[in-house]
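Encoded as structure tokens, here's the structure I'll be asking about.
In order of appearance the chains are A, B, C and D, and numbering begins at 1 in each one.
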Amino acid sequence: MKIKAGIIGGAGYTGGELIRLLIHHPFVTISFIHSRSNAGKPVTDVHADLVGDIDLRFTGEISQDIDVLFLCLGHGESTKFLKETPIDASVKIIDLANDFRLRKDSSQPDINRNFVYGLPELNREAIRKAQNIANPGCFATTIQLGLLPLAKTGVLKEIYTTGITGSTGAGQKLAATSHFSWRANNIQAYKTLTHQHLGEIGESLDQLQPGTEIDLSFVPWRGDFTRGIFISSTITTDLSLEELYFLFEDFYNGHPFTVVSRTPIFLKQIVNTNKAVIQLEKVGTKLVVHSAADNLLKGACGQAVQNMNLVFGLDERAGLNLKPAAF
Amino acid sequence: MKIKAGIIGGAGYTGGELIRLLIHHPFVTISFIHSRSNAGKPVTDVHADLVGDIDLRFTGEISQDIDVLFLCLGHGESTKFLKETPIDASVKIIDLANDFRLRKDSSQPDINRNFVYGLPELNREAIRKAQNIANPGCFATTIQLGLLPLAKTGVLKEIYTTGITGSTGAGQKLAATSHFSWRANNIQAYKTLTHQHLGEIGESLDQLQPGTEIDLSFVPWRGDFTRGIFISSTITTDLSLEELYFLFEDFYNGHPFTVVSRTPIFLKQIVNTNKAVIQLEKVGTKLVVHSAADNLLKGACGQAVQNMNLVFGLDERAGLNLKPAAF
Amino acid sequence: MKIKAGIIGGAGYTGGELIRLLIHHPFVTISFIHSRSNAGKPVTDVHADLVGDIDLRFTGEISQDIDVLFLCLGHGESTKFLKETPIDASVKIIDLANDFRLRKDSSQPDINRNFVYGLPELNREAIRKAQNIANPGCFATTIQLGLLPLAKTGVLKEIYTTGITGSTGAGQKLAATSHFSWRANNIQAYKTLTHQHLGEIGESLDQLQPGTEIDLSFVPWRGDFTRGIFISSTITTDLSLEELYFLFEDFYNGHPFTVVSRTPIFLKQIVNTNKAVIQLEKVGTKLVVHSAADNLLKGACGQAVQNMNLVFGLDERAGLNLKPAAF
Amino acid sequence: MKIKAGIIGGAGYTGGELIRLLIHHPFVTISFIHSRSNAGKPVTDVHADLVGDIDLRFTGEISQDIDVLFLCLGHGESTKFLKETPIDASVKIIDLANDFRLRKDSSQPDINRNFVYGLPELNREAIRKAQNIANPGCFATTIQLGLLPLAKTGVLKEIYTTGITGSTGAGQKLAATSHFSWRANNIQAYKTLTHQHLGEIGESLDQLQPGTEIDLSFVPWRGDFTRGIFISSTITTDLSLEELYFLFEDFYNGHPFTVVSRTPIFLKQIVNTNKAVIQLEKVGTKLVVHSAADNLLKGACGQAVQNMNLVFGLDERAGLNLKPAAF
């Protein structure tokens, strides 16, 4: 018996990536792919790379005969959707937007559901028991994976983080900053010190290192590539590099998708995979943690499938043994 | 006394590139930069790379106190503009759109002007005497430069041409095929065998090799870079490579911007310059002519300035000694 | 019982890509990965994207306890290897170099094996019965897939082909034309009309359309991307576009990896997949066939696995349901 | 009377870029371009983009009939060169390597010359009187320009800097990290907290803010583009954004190539120009300074020419009115 999955918002970037994963998932069948604006069109009209792989059409209808519903909508749209659309209580929901990630948003009036923050490296046991998942943000995932073992050790205080993201992080909407002629060979900072993922990162750090005022200065950059996030975070600590590596290796032991590396990491190690890689470097009292993940996979749809696997009691890795793009 | 230049459509890609050239041209001063939608704004709001170089603002007014007017409008817009806007007969006009390139369009009812097709390597003497210039298209320029010496020799019959163009050729309008996430690392054919530049190319070949039905099959590709056009044209001929090189070198002798190369050419040789490079290769009876030019310079604004120089009796190279980007 | 595979030349680009495929293949286990220069090192030292996925080390030894041996060596090296290294007659061999592709090379003195040219869309039945496979070249695969239905119909005579390839086609050797500073945003022709794949293409066309002198003028270009090949071939034919589409759809019916598309194709449709896509366009008597494939997958390792599947009687698609990179 | 310039190390990236600038400089003539390994070859054999622009050949000889000598050698090579090669005392020397940048290196035994650190925004008056210039490093220039006004105000203490550089910063030597297949679409940190430019940055900050222990944590990244450096530096300060902008604008008033911007800056604003752009952002007590410059121009050869202009009493901008690449 396969898990029956529905997808809401199937025409966007995360919708498409989720389809790419689910059509080859051994224990899932896609029941419907919903898209208001593309209802009736073949899925391959929008996701042309799936030509030959899928015959489904987008639908404007929602069936309740499903086990799990993925919400691939814009931020704020999930709340609206769930308020307007009755979904059977038995259907599990995995939301890829930021609507339910913060504690204050995890159970909302008019939505009879509690959401668990779906970062398996932080909350795996809670996810296994959850009915509804708030899937973390892409920057949030990549930054947190570089910081969680430090928070657990209680050494965080001031953190200085720079991150760079590929263009798919901004979605498929046309925009001046996504115009090829502008973005090719270009770099720009944006949302300096004010990125919307700071909230969820802060709550996770507080969960592991409660009672400390942790100050995270995050400068995000737009990069001239399509997939992936690369992060360097700098903190001050007296722990030795060897002690730090031990902490990280211990923390991620048993987590199949987060790899602690003692050799220099780079972005393309993880592109088109659900993996995150982490590397540590230390000079004097300064520790730099580098981390990298694919914003559409470990940073979005791959993690959503990982969460689905956990929620349904499957092997965490099912359907996620992806061939890296490598180049 | 400097030449006073006005620019219509100064907020687009060709408008911006023309400004970049004219602000450093030793014999030109920019009188005004017209943009209906940006009137009142600093030019650097749109062309941010000119920050520190120019203090002008876009204007919605047109002054007649100019010597030359550049039309940097969309195709078809130049005709409309000239019909609606009285321009003093003494003002020379250089049109960068395709409105006046074909013989049948070169003198139109309601527009009291005759346009000369502004390809200096073909029409330099006529350009020197011209009052109005129809500046060639970017693909048209790069393809023609690879074929003109062959037409003059009368050997053209069937031509098979493939060309690839940078994204700036499509202008700054947002479009699915200019979205960075789509275009990066991508290639696609478009307007196969039907590109709008075929008409002007055909007329130029006919000018040098009249009376022959020349059949040009042209497949244009979208490339994943911003600037430049690379062309390979294949024909059948019994002429030897040495004879062919002699024909090309002879034809372009004295033309400062078209360089015949006996070593392998490549696109970045000419990026950010007004140069075109040409290379020949021959195996059996098949000749392949490679040619390359920057679509915004030799393929548009650089050639427009070259034409202006000729029209005003200046050194053809004035203001066009550009540092190549090289990388 | 899994198929036991050995890999010779596992440190190169095709070696790495083959490992990426085989580690997730449901019916294969990798027995050893041979690399003379890297013997003893972890595979992830060279293929860093496999970190967390594989614990094997390169070996300098060759075990005979295998079912299939993949040769991922430089061109000419496979012959040398097989002459110097006794391999049990029972072991099937799949050679990814060009050593055995041509009829004259398919059975060589001192090598007691006959090689079948491994293009499934042309030779599927012969491959199923073969003991040894000569895996086609990347350009050869992508060009042939665009031409085979035309050869079968007997309409080929003069073909004008331009193709562009990603940098991985040139392997991991350092070279001036693979230096990032040179290749980024660049295009260059190379091996004009003399590419080494012309031989195998010619033999395949002759197999389907014997007795015709077919003249293929092929201009290959270096592209500024890492993966993929895009081809446009132009021929003259009186067949209508509808007739042509019917021929292509009929020819590829039942071949799971070659997709005939009636909408515009583009390179990234197939990047990181084993698929090829084909599109036809016709104006007057000129037909242009566009085709695209990933040079490392359908153009090399994916096709090698497809051939292995056929040779061992497996589903042709086993282990090849790859998630497209898409972006 | 033109300034006669000699170039040592003319076949490298900085050598080539210097030639690109000097051939169009109104007051300079190139006397010779020295390259040991390329002596006798046309300059265009190595710098193919200069085809049609220059007829010179590399030489193995050094003439003393020059006014200025540019050293474009690898780090450490300039010292060796000057010790081995007698250069007339009257010849001014501009060294682009890091041999003479630090105070302790600025006058060395066996080299009868004192070098002034050639950052015009810091040392313009000293440069005007100098005989020998130590041209700053590319990262050093871009980082310093973002920090100098803060040092002058005395507010620096802890600085957290991340920077990204194009591939040309690593020179033309072939290397695994400059292989296109690796570097395209990739990001990697390198020399974390240990970059060799920290020394010269530290001395400049100390010059303006003496007596403070300033702690600069710098994480450099390799970027997937060819030209340019983008920097974000974070510090803590109580000064308001308006006060800070005033300090920066005041500091750079009269410096033609450093532009303080109140709108978001981006890398391509300055590519192929000698300009640097700076932008400030403030949230709470955290100030982020973004700065960008072209590593080969303001970060190397453009600044070398700017220094030459100052040394010879010319307009600082002579020969440096470059057309931005823009795209």
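What we mean here is this: contacts are C-beta pairs under 8 Å (C-beta built on N, C-alpha and C of every residue); 3 or more make two chains touch, one makes a residue touch a chain.
The shown structure was predicted, so the numbers you read here are calculated from the model rather than taken from an experiment.
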| item | value |
| --- | --- |
| Intersection of contact partners for chain C and chain D | A, B |
| Pair of chains joined by more contacts [C-beta pairs], A-D or A-C | A-D |
| Of all other chains, the one whose Cα centre sits farthest from chain B | A |
| Centroid distance [mean C-alpha coordinates] between chain D and chain A, Å | 40 |
| Centroid spacing, where centroids are CA-atom means, of chain A and chain C in whole angstrom | 34 |
| Where chain C touches two or more other chains at once, by residue number | 13, 166-168, 181-182, 184-185, 224-227, 265-266, 268, 271, 327 |
| Complex contact set, residues of chain C against chain D | 13, 166-168, 172, 174-176, 178-185, 224-226 |
| Residues on chain D engaged by chain A in the complex (per definition of touch) | 160, 162, 164, 181-182, 184-190, 192-194, 217, 219, 221, 223-228, 230, 232, 234, 264-268, 271, 279, 281, 283-284, 286, 288, 290, 292, 327 |
| Chain B partner contacts - residues on chain D that touch it in the complex | 13, 16-17, 20-21, 24, 45, 47-52, 166-168, 184-185, 226-227, 256-257, 259, 261, 263, 265-266, 268-273, 275, 277, 296, 321-327 |
